[in-house]
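Below is one structure, written out as structure tokens, with a few remarks after it.
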Amino acid sequence: MAQTDASLVQSRNEGLGARLSDTLWRRPSLLLFLLLLPPVLWLGIIYLGSLFALLLQSFFSIDHFTGMINYEFTLRTYAELFTPANFDIILRTVLMAACTTVASAIIAFPIAFYAARYAKGRWRAVFYLGIMMPLWSSYLVKIYAWKLILAKEGILTWALEGLHLNWLLDAYLSLPVVGGNSLSVSVTGTFIVFVYVWMPFMILPIQAALERVPTSMLEASGDLGARPGQTFRHVLFPLALPGVVAGSIFTFSLTLGDYIIPQIIGTSRLFIGQAVYQHQGIAGNIPLAAAFAVVPIVIMGFYLWGAKRMGAFDAL
Amino acid sequence: MLSDRAPLSLKIAAAAGLLFLHLPILLIFAYAFTTEEKSFAWPPPGLTLKWFAVTWNRPDVWEALSLSVKVASISTVIAMFLGTLCAAAVSRTRFFGRETVSLLVILPIALPGVVTGIALRSAFSIADIPFSTWTIILGHATFCVVIVYNNAVARFRRTSGSLIEASMDLGANMFQTLRHVILPNIATALVVGGMLAFALSFDEVIVTTFTAGQQQTLPIWMLEELVRPRERPVTNVVAMVVVLVTMLPILGAYYLTRGTDQVAGQGK
Amino acid sequence: MSAVVFDHVSRHFGAVRAVDGVSLAIEEGEFFAMLGPSGSGKTTCLRLIAGFERPTGGDIRIFGEQVADLPPYKRHVNTVFQDYALFPHLNVRDNVAYGLMIAGQGKKQRHKAADEALEMVRLGGYGARKPSELSGGQRQRVALARALVNKPRVLLLDEPLGALDLKLREQMQEELKGLQRQLGITFVFVTHDQGEALSMADRVAVFNDGKIIQVGAPEDIYFRPDVPFVADFVGSSNVLPADLVARLTGQSRPAAIRPERLKLAETGPLSAQVIGLSFLGLTTRVSFQAEGTRLTALLPQDAPRPAKGDTVALTWAEDDLHLMRAGA
């Protein structure tokens, strides 16, 4: 066991890596700095820098006669957001995001509930993949699939004809606002696809929140005399609510910023995302596009602030 | 107490919800074989395999595919590097501004894609950077970081911190510890994060429309076909192939995280 | 030469003084225990020796060498972790051979050494298993073998028996003691269990609030505590406050008396009221209230037992009343 004291001090003639390792051990803050440097530089310069550029642009304005950008600080571009036409776009988008969120929560809850509490063994895997596959399936393919379904000559019309219910569809399509020439060019169509594409993002947070409720808590509720319905209402649902709110962050934010779904399936009335795209592209009005893009940031800022107060971040 | 057997109404609601999610995707498979060329008519008047051959011989599809693979590969490598470093820093130590760093990582997917897209475009125009493959990669890597980060952070959290101390206690310096203890323990999480990042990048369209210029990734190609259809049956075939290809990473991620409580792909 | 020397060592985390001016000398070949409640600084002291923490003040020397700038991987010190910290991706043999692999030993040689070390902790034949397939006690032995195979000059053990059940714990106490004698290595172990510290260690340091309160042989700590904290924490001795002791002996200092040394008598210096009895098997524990102080006595089973509410007189041999310093 006895060793000479000299052996305590290992050879100092060692490689660069070993010496660097010593330095990092002596200065943990240097290690932290080196770890953080690349990601923070990347995200700080590329992402925050871009957001800053965006913000900057929104305070410029466009000269409507020459079409040139006037690089002087002004709030005029923001004021343009409040013209009736533009404000309509904002309202329409927020309303659509809200409807999509509510519908997603309603459809997602039973799936999440079943997956969290009842799916065992093989069924667990089935549910897991059953939720993950659509979530990760190609966004455009999903939209395309609905174009096939909702088209006038598509599968939905065929199915309703088979059931002799096409008068129902016709009656619905003749309604103002929600109706249209066919479902694929109506607000209803836009809504269905929004729900379809973003709903899977609602399932996982709800499922996670439900799985965190210990079984003993439900047994305690039953033990104290609650019927299953009461246990659900007074124990399980309140505990799942942060999960619903967490999921709503995704559905709301994603709907708010989407511009492809309403472009492919829907009416000619614009949503925020489309306004951003059109103003920066065809119109070349980058300041107005930037100002439009700031709207979802501000709305999501308030939304996240509210969600945080409800404890939704613990459910993420 | 809630019973161990699910009520019938819940079973029906859950099954209906899952059907709603899956039927439209299955429909894509049927359309890939249709003989109908001009419309979306259902049921298909006939079935054929000829569109597979037509698609195979379309150079524009191959170009878009190869650009997508290239962008997704490079973005994934960058995201794995940045995401792992960030996860290591955030999970190993508590430091001032830790919350800010996690927020910074999550922000690119927390904000709507159109915001990220127009922001990058503004920056490119202000900095006078011409559009290229690299401007696409810049955007993709930025929002892919969070996927790798989430997976790595979860794994770091479940890996006992004393493993690293044990390794150093047994004579390994930091780089030896990295190689012999840290990497083997986070490898599957990194692979899963990488696969999901690849899938995310491969499928991304919203940010890409702002950063791509004239080049076409596969999703941009598809978007073009959706807005201005040229040859619908080719789109059908591509759609089916894309569905099949995107299944691979998610199946792989599932296989690798099976048996752990980690849900891969959360927070796409 | 001392194996480990602390010279006014401090480790502060912001405003928290986890270790606060500790001086200490651990002798070569000694079985040394650091005992204290959680948060008392004992584990931080162990981590300072291992090199996982660096002192904010003072000097640490291991076998005479300053180690302030020496990272853990350059110290001839090995640790058995509280959660064992076995590498989950390596089998038991590779876990044990890890240190030898890093040191550059060939595969054959290090596997042979690992198997011998496993033999020593009576786990011969377990080499091919994964740590997850072992019981808690077995994992603990693997952790021990993994540290010892490197032939450290000091072995650090952080609450090594904390996660084991009582019977296994007692068995491991004896095994550890035997290993230490057989190998002659300096063992430093951290525990919050006074029984464990007293039964295993040659010397015990009692920690509280980041400071060492008393260092001494187990009998000293047990029978001759310096201050009320040690009396209370180590032996659950009765502590008599200074004013009571002043009346009994004329010296105004707190004093300790072991519960088994308190006797019931017809007349005695202290009268007390019985407030509770509990049967412990060999003895009965009796709680008293005496002049505002709570006392306990352990009475042998054959001694006459008072009833609850009785007022009795308490007495003791003069030597058994141990006077202490005031303070902590």
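Chains here go by letter, A, B and C, matching the order in which they are written, and residues are numbered from 1 within each.
By our rule, a residue touches a chain if its C-beta (ideal position, glycine included) is under 8 Å from a C-beta of that chain, and two chains touch if they have at least 3 such contacts.
None of the values given here were measured: they were computed from a predicted structure.
When you average the Cα atoms of each chain and compare centres, the chain farthest from chain A turns out to be C. By number of C-beta pairs in contact, the leading pair of chains is A-B. Distance between chain B and chain C, defined via averaged C-alpha coordinates, is recorded as 53 Å. Per-chain CA centroids place chain A at a distance of 14 Å from chain B. The set of chain C residues that touch two or more partner chains comprises 51, 71-73.
Contact with two or more other chains is made by residues 21-22, 25 of chain A.
Among all residues of chain B, those that touch two or more other chains are 168, 173. Residues 51, 54, 62-65, 69, 71-76, 151, 153, 183-185 of chain C are the ones touching chain A in the complex.
Those residues of chain A that touch chain C in the shared complex are 1, 3, 5, 7-10, 21-22, 25-26. Every residue of chain A that touches chain B in the complex is listed here, in rising order: 17-18, 20-22, 24-25, 28, 31-32, 35-36, 38-40, 42-44, 46-51, 53-54, 56-57, 107-108, 110-111, 113-115, 117-118, 125, 127-149, 151, 153-155, 158, 196, 199-201, 204, 208, 218-219, 221-223, 226, 228, 231-232, 236, 249, 253-254, 256-260, 263-264, 272-273, 276-277, 280, 286, 289-290, 293, 296-297, 300, 304, 316. Only residues 1-6, 10-11, 13-14, 17-18, 20-22, 24-25, 27-28, 31, 39-43, 78, 81-83, 85-86, 88-89, 93, 95, 101, 104-105, 107-108, 110-116, 118-123, 125-126, 138, 141-142, 145, 168, 173-175, 196, 199, 203, 205-206, 209-210, 219, 222-223, 226-227, 235, 239, 242-243, 246-247, 249-251, 254, 258, 263-268 of chain B touch chain A when the two sit together in their complex. Against chain B, the residues of chain C that register as touching in their complex are 50-52, 71-73, 77-79, 81-83, 85-89, 98-99, 101-103, 146-147, 150.
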